[in-house]
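Chain lettering (A, B, C and D) follows the sequence in which the chains are written, and residue indices restart at 1 in each chain.
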Amino acid sequence: MQVGFIGLGSMGQPIARNILKAGHSVIAYNRTRSRAEALSSHGARVANTPAEACRAEVVITMLADDRAVEDIVFEEQGIRAALSAGAVHVSMSTISVALSKRLAKEHAARNQGYVAAPVFGRPEAAEAAKLLVVMAGPAAEVERAKPILEAISRKLFVLGTEPASANLVKLAGNFTIASMLETLGEAFALMRKAGIDPQQFHEIVNSSLFQSPVYENYGMTIVGERYEPAGFKLRLGLKDVRLVLAAADEMNVPLPAASMIHDHLLEGIARGYGDIDWSGVAKVLAEDAGLKARSAGSAS
Amino acid sequence: MQVGFIGLGSMGQPIARNILKAGHSVIAYNRTRSRAEALSSHGARVANTPAEACRAEVVITMLADDRAVEDIVFEEQGIRAALSAGAVHVSMSTISVALSKRLAKEHAARNQGYVAAPVFGRPEAAEAAKLLVVMAGPAAEVERAKPILEAISRKLFVLGTEPASANLVKLAGNFTIASMLETLGEAFALMRKAGIDPQQFHEIVNSSLFQSPVYENYGMTIVGERYEPAGFKLRLGLKDVRLVLAAADEMNVPLPAASMIHDHLLEGIARGYGDIDWSGVAKVLAEDAGLKARSAGSAS
Amino acid sequence: MQVGFIGLGSMGQPIARNILKAGHSVIAYNRTRSRAEALSSHGARVANTPAEACRAEVVITMLADDRAVEDIVFEEQGIRAALSAGAVHVSMSTISVALSKRLAKEHAARNQGYVAAPVFGRPEAAEAAKLLVVMAGPAAEVERAKPILEAISRKLFVLGTEPASANLVKLAGNFTIASMLETLGEAFALMRKAGIDPQQFHEIVNSSLFQSPVYENYGMTIVGERYEPAGFKLRLGLKDVRLVLAAADEMNVPLPAASMIHDHLLEGIARGYGDIDWSGVAKVLAEDAGLKARSAGSAS
Amino acid sequence: MQVGFIGLGSMGQPIARNILKAGHSVIAYNRTRSRAEALSSHGARVANTPAEACRAEVVITMLADDRAVEDIVFEEQGIRAALSAGAVHVSMSTISVALSKRLAKEHAARNQGYVAAPVFGRPEAAEAAKLLVVMAGPAAEVERAKPILEAISRKLFVLGTEPASANLVKLAGNFTIASMLETLGEAFALMRKAGIDPQQFHEIVNSSLFQSPVYENYGMTIVGERYEPAGFKLRLGLKDVRLVLAAADEMNVPLPAASMIHDHLLEGIARGYGDIDWSGVAKVLAEDAGLKARSAGSAS
């Protein structure tokens, strides 16, 4: 299939490569052109404008946030203007429910298809074509996009015909992870202050209790206080918690745990931790308990 | 070995049976005598008083709460009075850090051994000898108790020489589960209000994201709103959250998530949900979002 | 002075009348024309469009929310288009810090003046020309607007040259009141459940402790459970808490009390209490403690 | 009347003096004897033991906390043992509801009277005989104690026959003040970060909005960051918040604001602020927003 791909960051790059590997033809656009060119050795063509990347049956966007998506879609030569009737915009970015609803409406008004397909997984999972994809949109459009997304994922869920549902599930999923980080942060602070080896607590809680790879990875990060380099920056985690709160607010659903986590992440930003990993909320909570970072090398 | 066993409730009963199976000799005491007698067909002798059960090298207590342990230990003919010097009290109940410290002190004053060995796991895990045991106490005493506890567990951790550490880890572990329940409760309320199938959300969050048996079991309970019969009663969950808060308070560690969960569990008690499963905190949160229980049979 | 007045709701109406009484000439506009006409017997001229109301030295807006202000300012024949260079827009509405900043920028770009002047006080205070006005804006423009605002207030504060400061202070002020309501709601629930007369508790806390008219009024409302008719609707209170949270978020200031109040007000909305007085957060909190509304007449 | 007085700290000292001034005869006891002797120049006799102070019609205790009251009442030669049948113990300390209930029971069992009479007010108010007294107990005993308490107060409330009610009201009253401190702390952090003069915000919020002496005093303390010397230590404030939470817990009343304040005060303790004024919770909140203390002298 002819696929346009816009947004070749740390997630977009490996995703686009896997689409190429699956035999699709890709025309790639990135604001910083060099990132698109990096893909040309893998067989992609480089688009000079977003409009050029829209000469495709399916155009995928994988961008940082609402603002970036709005710009690329609604600008004068943007996707809205350039995409053919009948073609489908597949939005993989983690964006707000509100923007996803707006995209559905704007594309429908021009007979363009629109599917939301946010993903769970870090760059390594993208590389390995093992993302978890959550899709939603009109059935026919979902069918069009499916083969492409199957090429990049270990599992793909279709959530129904309303695209914004997929965005909400992505945000709620991130909230469950954020809440786990908050909890581990509090529990580890308690262990450290009680003089109990955090490593041993981690083994008990995860190896034997939760037995989850998510607890395993983040637990070890917190035990080792290895918040840099960030796998997912605290400021981006905060952005997603804001988005789930905004969506819940719209539906009159109180999310007190999300509100509290929001406040602790914001406390992290206020202390200058915006660029460390979002599991660094544990650092904020340790400090709130009067603990200092342990000296380098003392983690093990 | 000669083992005294006091407290034959839904956990104590199968644990004592597995100790018998492992070839130890058991003398059992329970306030309600019939529960001790139930064990006699499995080879246990029935003690008429706690003191009688103390005629052993190791006496195990598995009781409901601090009050029950205090009564049985400190009453006139209780364990403190009856246990021989050199014998070991193994306390498996989920009790406060403060009481565990007091027990350590009182037993030491009489040259009695004391080991804390709380467990993770439900009655079925006890039945299958697959509990997770967290032990702490003086090395020699831990060694004495270990063979007995290995007979009932799939995994056994030794946390050091301070018994109360094991109690703290048990309470912190329960806090991490309680926090997961709070989070799932909020997330499911959001899904239901957005018209997204809770079952599908559960699959995404667990089967593909956390991949944890704990999320699996509790997630399905919440999806199906099957809070009765309780696996672990909400009022007991609240008790444990109180205990972790008390321990943290003592060490000047704020646990804001635990405080919040405490308030939601208390809200549950106020609404009459003390005897449903503690995952019923999700019911409280659904109601706080203006949702009603779905009609029976509509869960699937 | 020649004053345009846009927005003749329960606050705008008495404010405009007091401006007339002070000898200014008023040209009034309201979407629902009859509300502007009600003012003509007091000497105002009725404008047919917002643009007509802008034929003045100072144009005041007193509208419900951001949306209403954006519409009237930015629509094709709106204030931005119609106001003369040199004339001043005085915005008295409780709006977001973000919108106030945008207004400052847009007006400045057209050499129009802009002053923010939100008020504290209910319709009765507006009637009695006893509002508390918080102004901010460039000095010269503040001087222009001052005589008009002095005619409607018991006290007027000038906060500096940045208009948005006045909006932030207004929002923070409303937050302090909301927080008092939350606190009283919790305390009264406790008193009721303990069988202590809420009226007597109110007397102790207010008459003798805080000695504040704000505690007096709201305390009596909660004691009497007289949440209807609303003096200030719960949904508007929630709107203001959202705005203070948004402003704080922008500045990386966690406001955990505001987050918590947000969640309780949202819980109120979810239960259908959007149109009762915002002190009805006490009703939400009483219900969370398992209390029902007392029967009518049982308050004393 | 013959009055025993036990506990001559910063509150007890001026209270006892005012009782002497009112013409009563006082026999005073204090663990640190010199504090009792200080009173002898005002006409008091000095007791060598608590038992000696009990040779009176009414014995008043004004002690630091539950522990101190338990010791003095229940020790071998304590109040319980020494007080005559028919005499009345008036407990003015801020103690737990649970201990107050126990005292009621123990005294009743010996035909001793018991009245709870905690007070609102700082040492200066005690000095000026302007405390606010909240009494509860059996009517006849309240009548006995009233003349003494009227001599030290500007206002006296009788809450009914159940002594613990007075303790609960005292704790709930302190909670309302703590909550005000939390709120002001958050609001001032927001103002400081927005570059708005805290002094001016204080004037708006208090002089014109709340108009309360409590807001006035504490607001000025926070504006000036004058947390030392403490009027009421943060650790004592935390103690009282714990007590109100414990009482509410017992009655199944969630107090989410109190839980949150508890956590912030605890954070203060963890940072070493236990001995500054409890309004120093504002310092904790400012730090959580990334603010540092302003340099000395910059407050005005």
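What we mean here is this: a contact is a pair of C-beta atoms (placed from the backbone, for glycine too) under 8 Å apart; a residue touches a chain by one contact, two chains touch by 3 or more.
All figures in this text were calculated on a predicted structure; none of them were measured in a lab.
Relative to the C-alpha centre of chain A, the farthest chain centre belongs to D. Taking B-C and B-D together, the pair of chains sharing more C-beta contacts is B-D. Per-chain CA centroids place chain B at a distance of 52 Å from chain C.
Chain centres here are Cα means. That of chain A falls 37 Å from that of chain B. Taking each chain's centre as the average of its CA atoms, chain B and chain D sit 39 Å apart. Among all residues of chain C, those that touch two or more other chains are 252-256, 260, 264, 267, 270, 288-290. Residue ranges of chain B in contact with chain C, taken from their complex: 267, 270-272, 288-290.
Considering their complex, residues 242, 249, 252-256, 259-260, 262-264, 266-267, 269-270 of chain D touch chain B. Touching chain B in their complex are the following residues of chain A: 120, 132, 134, 154-155, 157, 159-160, 162, 165, 168-169, 172-173, 175-177, 179-180, 182-184, 186-187, 189-191, 193-196, 200-201, 203-205, 207-215, 244, 247-248, 251-258, 260, 264, 285, 288-290.
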